[in-house]
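Working notes, beginning with the structure itself.
When the chains are written out, they are named A, B and C in that same order, and each has its own residue count from 1.
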Amino acid sequence: MALRAVRSLAILSNPLRTYSTSGPLVNVSINEKTGIATATLQRPPVNSLNLELLTELCTTLEQLEKNKSRGLILTSSSNTVFSAGLDIYEMYKPNMDRYKQFWTTLQQTWINLYGSSYPTVAVVNGHAPAGGCLLALSCEYRIMLNNFTIGLNETKLGMIAPTWFAASMRNAIGTRQTELALITGNLFTTDEALKIGLVDEVVQSKNEALEKAGKFFDKFKRIPPHARTMTKTSLRGADIQALVKSRNEEMNKLTAFINDPKLQEAIGMYLESLKQKQNK
Amino acid sequence: MALRAVRSLAILSNPLRTYSTSGPLVNVSINEKTGIATATLQRPPVNSLNLELLTELCTTLEQLEKNKSRGLILTSSSNTVFSAGLDIYEMYKPNMDRYKQFWTTLQQTWINLYGSSYPTVAVVNGHAPAGGCLLALSCEYRIMLNNFTIGLNETKLGMIAPTWFAASMRNAIGTRQTELALITGNLFTTDEALKIGLVDEVVQSKNEALEKAGKFFDKFKRIPPHARTMTKTSLRGADIQALVKSRNEEMNKLTAFINDPKLQEAIGMYLESLKQKQNK
Amino acid sequence: MALRAVRSLAILSNPLRTYSTSGPLVNVSINEKTGIATATLQRPPVNSLNLELLTELCTTLEQLEKNKSRGLILTSSSNTVFSAGLDIYEMYKPNMDRYKQFWTTLQQTWINLYGSSYPTVAVVNGHAPAGGCLLALSCEYRIMLNNFTIGLNETKLGMIAPTWFAASMRNAIGTRQTELALITGNLFTTDEALKIGLVDEVVQSKNEALEKAGKFFDKFKRIPPHARTMTKTSLRGADIQALVKSRNEEMNKLTAFINDPKLQEAIGMYLESLKQKQNK
């Protein structure tokens, strides 16, 4: 019941207000010396991405953009999970207004993160399946702690990774590895992820990860920000434009898909099995 | 003269009837335990792809699709050749109706194989030049026996690999390796092919290959087929749509090209040189 | 002041006449035995690409095309610099007619080199930043001497590598490495360049490089040239068409951009700092 409790709590906290710094689900701190922001996902136990968390994250990214941030580290307050991906409760018997807002916010979060003008590093300090992997893939650089798993495992859940999830993965590991990863829904160990380029560095501790992140940001110290931004846009712009063009169409397909009785039944059974496990 | 004899035989056998299981040129068996089909090319001596073989293969693929196959292994009955590629007799002084049917069937075979909803593994148990390499590339996974060669060597024959041959290769080994491979018409040894990702595994025997193929199919045991299919379509669909859009245009270009007197003369000389070799 | 002196000299030499063999800035020799042409950039001290050098190079490439060349080696007469890239004096307080001609010639040079029908090898016998790297990337094969650097470092200079620079790099090293290289403006050492595929071979001397280049050309000895050409066009044609379509638009954007007072001020300061260094 932990998941639902946290979710209810989050709803009460009014997720739509503008966070100037931190919210209850995303802690934002800025290093005064370097100007680098750290956004820490803090929705125990597994940082499931619900509307409230995504709204906070999306708003945080917009503010960093407006404030011409020097860089962002995205990480987790948990020692075992970076993010477990989309909160399945958002897909179970959803209120359609909320569901649409949920998906729209996910799309916008990706657009803001994948297309950010400032440098971004994911410090993957725990498991990162599905939507957790997407967040990591949307950054420019991925540093992962040992002994965890990462991947777009949607097919294993009977779902399909949207085209922009696939585009983010292709951008990192190329077409062949993306195809193999997506059709098998594979979760890679940290070492496997390093080998295929799904992460850029492997470390033993979060501190070591933060140190390596600092070295990545240092590469931009003498680079005029507008040149960096325009270069990144020229490389990632096509993927983003593809979603901008198709976002309404995608929403229409999903709202039809999510109400399929068989899908709802399957999700219900999956949630029931989770409860059984937690009650043991 | 072996090639021609086999070809004449094949024509007599009425290539256009529907094969529910096996035909004279493609043996199809289905493992009752796993549901995996094995299609074995059996057109001695070198599995040249003529209209009849392609028609059988194309029909086989359609039937597997309709029957919601659990998977396909594509291999050869020969111990030395997977497939020598397109039958050059189909291009020598062709009857144009037959030539058009030949090429249309090749296009459709690729569409069916590259875009199959079921998992596909090529067990490359012999040389796989040109069209033989294309068949292997159209599968999702390639397991190759040692001491053979594979590649799209069309330029060496004075021909151009069609764009969808190139797309299939790019999907497997990326843009750079594809460019080098295609402009040089390189045939890679098994080990070289492994190194650049043109094949996924190297084995010492066909039995070992079949075992490895089984492990690949096992990855899909718990994956809902519709999720796998939609994921594969989202990744390979653009390549297939590109051919669907251009297939008539391609045919028109080819029918003009194939009747070039110089090309026909060159093919004639090539066939004459083959006969000289066989008569020695 | 060496740069400016050389430039003035070049202008006087009437850059627009047609060079049947060599010009003052590009020495062209043809190996009578193999038919391979060697174009040696010879604009001391650093082969900065100004209008005159580009015009010579562009014309040379056109003539090789017309003469159905067997191949081209692109190299430098310097022992330390392959090419330092675009001549910054072409961008400083430019005469707009000359500036437009400069950029048009750069575009056409790339179209001719990247899309050449004949095989091309860059013998990178010195540093190759920015436009120098572009020339190397436009060839089919890159052989680099040890202990130099290469890369598209435009962002470090506050500039953006045009989309066709990026496309040329992506063609060689893929999407991921291109993104990392371009946003950081990284200059790779010879060994780093080999590791990511930015160059194909590393050698210790120019003689060794020329020997390796010979081996690359040997791959095409038995390949009918028209098959090679059509194959290369089918692979690189889309990148070239993208520039052909957008070249006027790019020019319009650049002519607006180049006259930005802040940019001119920045270039002025940069040139002043170069002079200070040279006077020391």
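Here is the rule we go by: a contact is a pair of C-beta atoms (placed from the backbone, for glycine too) under 8 Å apart; a residue touches a chain by one contact, two chains touch by 3 or more.
Please read all numbers here as calculations on a predicted model, not as lab measurements.
After Cα superposition, the angle needed to carry chain A onto chain C is 120 degrees, rounded to a multiple of 5. Counting the residue numbers that touch the partner chain, chain B and chain C have less than half of them in common. Between the Cα centres of chain B and chain C there is a gap of 40 Å.
Residues of chain A in contact with two or more other chains: 174. The part of chain A that touches chain B in the complex is made up of residues 154-161, 163, 166, 174-176, 178-180, 182-186.
Looking at the complex, you find that chain B touches chain A at residues 119, 140, 170-174, 197, 219-220, 222-224, 226-228, 230-232, 234-236.
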